[in-house]
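Next come two complexes built around chain A: one with chain B, the other with chain C.
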Partner chain A sequence: MRKVNQKGWFFVLPVLILVAFNALVPMMTVVNYSVQETFGDNVFFWQGLDWFQQILRSDRFHAALGRQFLFTGMILAIEVPLGVIIALSMPRKGFWVPVCLVTMALPMLIPWNVVGAMWNIFTLPDIGLLGYLMNHTLGINYNMTQDPVAAWITVILMDVWHWTSLVVLLCYAGLVSIPDAYYQAAKIDGASNWSVFRYIQLPKMKQVLTIAVLLRFMDSFNIYTEPFVLTGGGPGNSTTLLSIDLVKIALGQFDLGPAAAMSLIYFAITLFVSWLFYTLMTRNDAK
Partner chain B sequence: MAKITLDKLRHSYMGDPKGPEDYALKEINIDWQDGGAYALLGPSGCGKSTLLNIISGLLQPSEGRILFDGKDVTGLPPDQRNIAQVFQFPVIYDTMTVYDNLAFPLRNRGVDEARVKARVEEIAAMLEVTEMLRTRASNLSPDNKQKISMGRGLVRDDVNVVMFDEPLTVIDPHLKWKLRSKLKELHQRVKVTMIYVTHDQTEALTFADQVVVMQDGEVVQIGTPVDLFDRPAHTFVGHFIGSPGMNVLPAELRDGRAFFMGEAVALEGAVAPGDGRHEIGVRPEFVSLAERGLRATVRKVMDLGRHSVIDVVAGDTRISAIVEGDVPGQGEAVHLAFRPDQTRLYRDGWIATEKGRAA
Partner chain C sequence: MRKRSIIPILYILFLMLPIYWLVAMSFKTTQEILGGFSLFPKVWTLASYRTIFTDPTWYWGYINSIAYVSINMVISVTVALPAAYAFSRYRFLGDKQLFFWLLTNRMAPAAVFALPFFQLYSAVGLFDTYWAVALAHCLFNIPLSVWILEGFMGGVPKELDETAFVDGYSFPRFFATVFLPTIKAGVGVAAFFCFMFSWVELLLAKTLTAVYAKPIAATMTKTASSAGYELGLLAAAGTLTIIPGAIVIWFVRNYIAKGFALGRV
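Our next item is the complex of A and B:
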């Protein structure tokens, strides 16, 4: 029998301590809060699963969750096909490659709260470029602080502007790894452009596309800073996504118990949907 | 199936070629007969892949024409030329089954499913991949992937030509000979014109009826494997084909007689009049040890079982000889004899002796 070197465990220890302090301990604190009630002074009362039941039955939570799924669904439906199309139309060789790559990477380099502030100013009806153009030049009434539809369009546009590049760059990486011989063979086999996409480009992009979808799902499902800076969840509650609502409950109302329960439910949903995506997108690979 | 004519074909990768050195392909005129098995043989970078891509239409030649059965196809894209090509590395469609891979070129041309099925099954049987038809192509081993690539090249029976671009590069040595003989067998069965590009003389000589030897974008000789071995038209061919290659010895020409290191060397025939750099070419198979004649020293002896390859030095020229029976030891002084009817004079690389009549 092979002797296993148990000393290896010691090397994992530092990471374990780090993870414990930045993830496990805070997480357990949240679990602790989620089953208790406190009125301050560090006095706690056992509450069982009451908070969970309350959150799961609350209309407010359902509404925020619905908005969250709507938001994530819409940005995925736009960013993934758009990213693939942009990646397909980018040049593979020559002078324009670095130009395109850098241009694509630029939005991702901007901090999230700056993106929110930028779009906020951009859409101001009186001085913002877009706001002024819409209201005063084109004569279309556009004010996202009053109109929920305008607010939604702006939030979605902002995310598409900020994050489509990620899908583009990942897909592009997959595309450039295809040897020329595949395209030449396809030409000789008489394949149509659609067949080339369906049987050569898409299969090669599949792995990176899986990563892109997962990253975009997780990021957009947990999105906070950008919409918070842009709309603050308004007008009314129309753009109050899950994370914004959670912060309102936890820090605005200081309802720590329900907020902790909501965090755990939120976390479980994110985890489950990520697992679902991953399983569905990789299920054919093993065959 | 078609006769293929290359007419004054030239190609340069530069926009504005000035001299002949700017051309990746210098003027090429070839006629390939319908149903023949041809090989394009030459070292890496000699322009054979360029030529292949021009024939398939992946590349537009700078000058000249390509004719299939007398019809000019120079301007046609690959899919309209009705050709098939097998690449150096296996190209398979990962997400499809082996069956769908083989059916792909047929389905793209709107062949009806019954005919597709018949063709795919026939080709699968020829390549011995019938039991794999239902598996996904991405799970195959490299040699099976290359078999499927070949199968896609052979599945259409109406193609003008099937081209192979060093198809055995990625295949394990012990499987190479298997696929090579399979290919030869397939050619005899389907009788399609086939062009096989390789830098491996064994592959070229075993596969082809006619071998086109290329060097630096130029065709140096077209002939049967026997022609290339027996009477190389250029010292390059003599050197490139054969193991070891032909001996090329610096020579002097005086009054129509050739001399190597002061010794007169008998040639196969009269020397064409002219001037230039002269060399004597004789294959190791026709160099023997003799009682007298050219003096040399043995450098190295390699015993290959049936015969030995002896490396000798005469002056500072190395000569190889293949001898059977007793061999001299290393460092020993020997005399060499060249068989006159297999000894030729080359001028600036090209053959300059007439065949047959002894001088």
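Our next item is the complex of A and C:
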């Protein structure tokens, strides 16, 4: 049991100051904009909750939110099972373990806009490896700057490429923590591969898998740079996810009021999921 | 070789293909890139790399990025250490709420903060300096470091602290000579994750800089597009941004999962 010691506040004070400076001041600016209207020259008018109503009723916001949930849902449906399968088939010891770990983690350390640029080069119709293979070797018409379906497939493929390793590494860490004795016992009992997975491996992976799913949910929900560099939100608005739309409104059209209201709604959704994340995780800690 | 080894091999192959394409393209001449499809560079050229290493607008981008990433790493880990200790050892008023609030900042979408950050750092006169980016990245790197370090500290038995205090160690001496060495793996992992997220983040870094502190990743997009999309140059600059990550990853390979799980595996 931890001791009650109010001195703890002195220990967390530097963290509190630095994070509050970065979180609270900008947040108050956003709140401020969200209830006011301006025509420039720093003259502001009280606007009340109009912007919030406008955003919540606008088709544009609904469409962006819909695309965001579709994107997040699709990458979760692909990355989680794929990650589990790869983690299960990875070697447990020997020379190949570090090789696998390092090569698999590599995509996560590449700056996000380089990821976008890299996939852009990779998928160029005539001179990119994937683009050339699709168009000239397989004869499938593939051009993500014109075809929304191709753009969506590319954005999802890019995210799978970028982040499946996160699921793999977390599951793998759960798997290697299973003592050999469990497997030996299963062997003596004559358990099938499926029962080993269902009753030994899956329970061990449950905690890390929760973390993986929620991290992927949140990071993909906030995604901006990679799809922006890859497709710019196009063709049309087909890959304009929530963050991209927000930046378009705030910095492109300079509609500060609606952009601020949208930021707060966006943040509220993320906050709700964070809370869910925290409750699930601390419940796991308590066990 | 077992049959199921085929799955990791195929996966790694899939991961390496786009990287290979980027690296291969960085060694091709512009004529070859635009001239048509070729799997390997026909004529190997270092021209793109030469441009980057001789043109100040390019190589300063790297220096800028490394500068603010390092500053951020030092600040984040230094302030996170005592905080993580407090969260792992003491109970105090509002500790749970504070811990959760820190986490929410790790989850906040950067796009929400882009414009207010620009105004805030312009107002305090730090716009376009290393400090602006380094401090802004503290928003998500400090919470991450606190969580990771708290996870590692939780694995250290409390008897260690108690014995040291009975032996007459003062708190600072205990922390520096006994406690820090026992959690040095955790410090390394926290530093690595600060490096990683500061290195890959671009939206805030780009918003908070104009000329003097511009990160390499921003130089890349701008120069490449204004100069009529010089793909070779773009590819070479991209390749160079992969190298630092590839080097440091070796040291933390066994801890990456623990870091992502915020110290909870």
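FYI, the second predicted complex is superposed on the first by the 264 of 287 C-alpha atoms of A that agree within 3 Å, B and C clash if a C-alpha of one lies under 4 Å from a C-alpha of the other, contacts with A are read in each partner's own complex, and residues count from 1 in each chain.
Here is the rule we use: contacts are C-beta pairs under 8 Å (C-beta built on N, C-alpha and C of every residue); 3 or more make two chains touch, one makes a residue touch a chain.
If you're wondering where the values come from, they're calculated on a predicted model, not measured in any experiment.
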Clash-or-fit label for the pair chain B, chain C on chain A: fit
Partner chain in contact with A:T231 - chain B first, chain C second, else both or neither: neither
Contacts of A:S192 with chain B and chain C, given as first, second, both or neither: first
Which of chain B and chain C A:L16 touches, first, second, both or neither: second
Partner chain in contact with A:I200 - chain B first, chain C second, else both or neither: first
First (chain B), second (chain C), both or neither touched by A:M108: second
First, second, both or neither for A:S263, with chain B first and chain C second: second
Partner with the higher number of touched chain A residues, chain C or chain B: C
Touched partner set for A:Q184, first chain B, second chain C, both or neither: first
C-alpha centroid angle, chain C to chain B via chain A, nearest 10°: 80
Smallest distance from any CA atom of chain C to any CA atom of chain B, in Å, after fitting: 17
Touching residues on chain A, where the partner in the complex is chain C: 2-9, 11-12, 14-16, 18-19, 21-23, 25-27, 29-30, 85-86, 88-91, 98, 100-114, 117-119, 121-122, 126-130, 132, 136, 161, 164-166, 168-170, 172-174, 177, 207-208, 211-212, 215, 218, 221-222, 224-225, 229, 242-244, 246-247, 250-251, 256, 259, 263, 266-267, 270-271, 273-275, 277-278, 281, 284-285
Footprint of chain A on chain C - complex, ascending: 4-5, 7-8, 11-12, 14-19, 21-22, 25, 33-34, 36-37, 39, 75, 79-80, 82-83, 85-93, 95, 98, 100, 102-105, 107-117, 119-120, 135-136, 138-139, 142-143, 146, 196, 199-203, 216-218, 220-221, 224, 231, 234-235, 238, 241-242, 245-246, 248-250, 253-254, 256-258, 260-262, 264-265
Of all residues in chain A, those that touch chain B in their complex: 179, 181-182, 184-185, 187-192, 195, 199-200, 203-204, 287
Chain B - residues contacting chain A, complex: 53, 56, 58, 77-79, 83-85, 87-89, 91, 93-96, 104-105, 108-109, 136, 139, 149, 152
